[in-house]
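First chain written, first letter: the chains are A, B and C, and each begins at residue 1.
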Amino acid sequence: MSLTLVQVVAGGLLLGAVYALFSSGLTLIWGMMNVVNFAHGDFVMLGMYVAFVVWMLMGAGPAAAVPIAALLLATLGVVCYFSLIRHVMKGPMLAQILGTFGLALLLRYSAFWYFGANFQTLPDTLVGGTLRLGPVRIESSRLLAGVVALMVTAGLHLLLTRTSLGSRMLAVSEDAAAAELMGIRPQRMQATAWALAAAATGIAGALIATFFYISPTVGETLAIVAFVTVALGGFGSVPGALIAGLLIGVIESVSAYAIGAVYKDIVVYALFVAVLWLRPEGLMGRTR
Amino acid sequence: MLIEARHVTKAFGGFTAVDRASLAVEPGEILGLIGPNGAGKSTLFNCLTGDLRPTSGRVLFEGRDVTRLAPEERARLGLARTFQVPQTFEHMTVLENVMIGAFLRTSRTSEASVRARAVIDTVGLGPLAHTPAHSLGTPGRKRLEIARALATRPKALLLDEAMAGLTPAEIARAIALIRDIHASGITLVIVEHVMEVVLSLASRVVVLHQGREIARGTPAEVTRDPVVIEAYLGKRAAGAANRAAPPASPGRPP
Amino acid sequence: MMRALASAVAAVAILAYPLVFSTPFQQRLGALVLLYAIGASAWNIVGGYAGQVSIGHAVFFGCGAYGALAAYQHLGLAPIAGLPMGVAVSILIAAVIGVPTLRLSGHYFSMATIAVAELVRLVVANTEWLGGAQGLSGPPVPRTLLDLSFTSALPYYYLFLAVLSAVIGLTWWIERSRIGYYLRAIRDCERAARSLGAAAPRYKLYAFILSAALTSIAGALYAVMFGFVDPESGLGILISVKMVIMAALGGAGLLLGPLVGAVILVPLEELSNSLLGGAGAGLTFVAYGAIVMAIARFQPGGILQRVLRLRRKARPAPAVPVAQP
């Protein structure tokens, strides 16, 4: 009995790591530019479809899909920044939110129109088998996804805190005007943030695709998962997103196990409302 | 005492912007708050207005503890403010901007309009009543902010670097306006960089440096105080000043 | 003079429309335009005037629709009698969303509206006595006049017109009152508004609650006209999207913006549905997405704002002394 629970928690942690990965992109952009990307979930969805197409065209698995998705989504992120975000940032809140929300609709229903409403799945053989870690059984695909997600998230955090690129980005997020005076170009740093955030979603999507169904509407749910994670972790904080993501992955898994898969989304959404009421500044203590 | 700050400290993470600063503002006076860049003037100012909550210490208005009170509540009690970078309602006209202030004391649109009109005329913006705020220049915007704050019928008006960005001619006009406001019975606290303004307006001055108070007294006393000069210009300038004219009894922090 | 004449002509046109364009399709189209205009005008109060962008307004629409049909299904009442219940639940949900988030930056509010709308939709889809995934139906045969179950769209047209006029009238009154001024100020610069005594979180909450209540009325009217609601048609994201687009396209924060948006978009949607059929469903949304992005990028103030600006340019500005004080 408790063994199954351990298994459920382990699965939740691994999924949570993936949640943490794509949520760190959202929190990075929010912290840097005070923009919430309402299309974030749909970026992940695109990453999933990239993995699908890579498999259909090349028969290849995540080893190819992950870098390709990262690259393609990073490009999309930069394009979005220059053509849309840069402009709506300067405008009223309505323009900002409508901008990314419209993008979400565009991406979601373009995928709907092109791929159809049906679910797709990648074959189990791509990342096959189950591993036994002691008494616990874990699907290799989930293990791979969780580990890679953890590594990329940690890498992102290190990039932001230990490299000169990271400190330049931090400077722009603190005070873009001052950073400009110091020779840093705010637009370049913001575009870089978008590229990184989008790449993270691409990687996360390509990883999820190995064990989850692919459909145009997954973005809806994933967006809200990202919101909860970012709110719980505190906006702008990648470590916060990591801890929150793991927590939410576990809560979701345990809920699915305890009260049924149908209700797990309800639990996560209700958790969001609870966070807003009780601790909107999140675990790391920052609101905006 | 109208406004009082008692040992107000404000820390942002590891950085202490204001360190146990205390102030007392008597009704009817003009208090100047000065200090070099980064001294913590704006931070202390914002603790008085309610935009920031002090890490420790208390803020009192007319004897009431308002430390935890929101800005809108303080406005209701009679504490008004302007902003360093004018925050006018860009898409509204001058009249409508000032009406927002007037609405604090009346809920009827017609009455708010009449009162706002009166304030606008007093302040000299009469002809521009129906101009949208975004078409005003900086001096116009600053004057509009002052009019807006006056429409709330404040007991105290706190001006945050009202002279920043103004030409000498505009500064002279602004000083005249502030004198008129003071004459009507409103207590003023001005945060200023421009020394001449403080000297000509303030009856008392408090000097902050690196979050702490380093001097207080009349403008004359404070500008001759070597501690103050050192803070602004460095040790050598202070030494030179010391040799040039020994300071008259400078006020020391209590 | 010209303005009064134009308004009179417009009023007559609106009143006479279903009598002149009297095919069932045309009358139904007219009723739909008005129904959506009600919803979009309700959204406008919180999204346009108060500047708080809700993208989950479908939840309030659904409260009204489900309230009405649940009253019929479980209590045997005329659906419209369930209206107060729908309004009450809407207000409760608005408070749950608004109280914690309206004192934070706008993003939290918008995120919360999506999350709660989805949450409620999932709960309703899994609740048997609300019809589950099947939904609820209204009276198959009208029992009394109060059932408001008409075969022709004509009575609905005038009913919706009356309600829309009331909503616009209420908005007009708010615009000219202290609340209206405060909301505009809060939207322009919340910090300054608060420094002048405007309790921003409170006023935003009032606007949100009012908007929610009015939206639930639109939902109840929908239920009365269509006699059916399910999680998709009552609480789906499409409803939220349409409300936002119509208000934003027409002119958010402007009195008649939502009506203008509805007049443009509802016939357009009918047209695209008939041209593209079922396959077009996805494309319609793609188009919506593109339109929303275009509005955000190029003209956040909407069509009406552009029209007003052009008119202002055409009229010579009154003589104003140039000198700065």
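One rule holds in what follows: a contact is a pair of C-beta atoms (placed from the backbone, for glycine too) under 8 Å apart; a residue touches a chain by one contact, two chains touch by 3 or more.
Predicted, not measured: the structure shown is a model, and the values here were computed from it.
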{"item": "Touching both subunit A and subunit C (chains)", "value": "none"}
{"item": "Most widely separated chain from subunit C, with each centre as the mean of CA atoms", "value": "B"}
{"item": "Centre-of-Cα separation between subunit C and subunit A, whole angstrom", "value": "32"}
{"item": "Between subunit B and subunit C, centroid-to-centroid distance (C-alpha), Å", "value": "44"}
{"item": "Contacts with 2+ other chains: residues of subunit C", "value": "none"}
{"item": "Sites on subunit A touched by subunit C in the complex", "value": "30, 34, 36, 38, 84, 87-88, 91-99, 101-110, 112-113, 220-221, 223-224, 227-228, 231, 262-263, 265-266, 269-270, 272-273, 276-277, 280, 287-288"}
{"item": "Partner subunit C, residues of subunit B touching it in the complex", "value": "49, 51, 70-73, 75-76, 80-81, 83, 87-92, 96, 99-101, 103-104, 107-109, 112, 123-125, 127-128, 130-131, 136-137, 139-140, 143, 145, 148-149, 151-152, 173"}
{"item": "Subunit A-facing residues of subunit C, complex", "value": "47-48, 51-53, 55, 96-97, 99-101, 104-108, 110-112, 114-116, 118-119, 122-123, 126, 187, 237, 241, 244, 248, 252, 282-286, 288-297, 300"}
{"item": "Subunit B partner contacts - residues on subunit C that touch it in the complex", "value": "176-178, 181-182, 184-185, 188-189, 191-200, 318, 320-321, 324-325"}
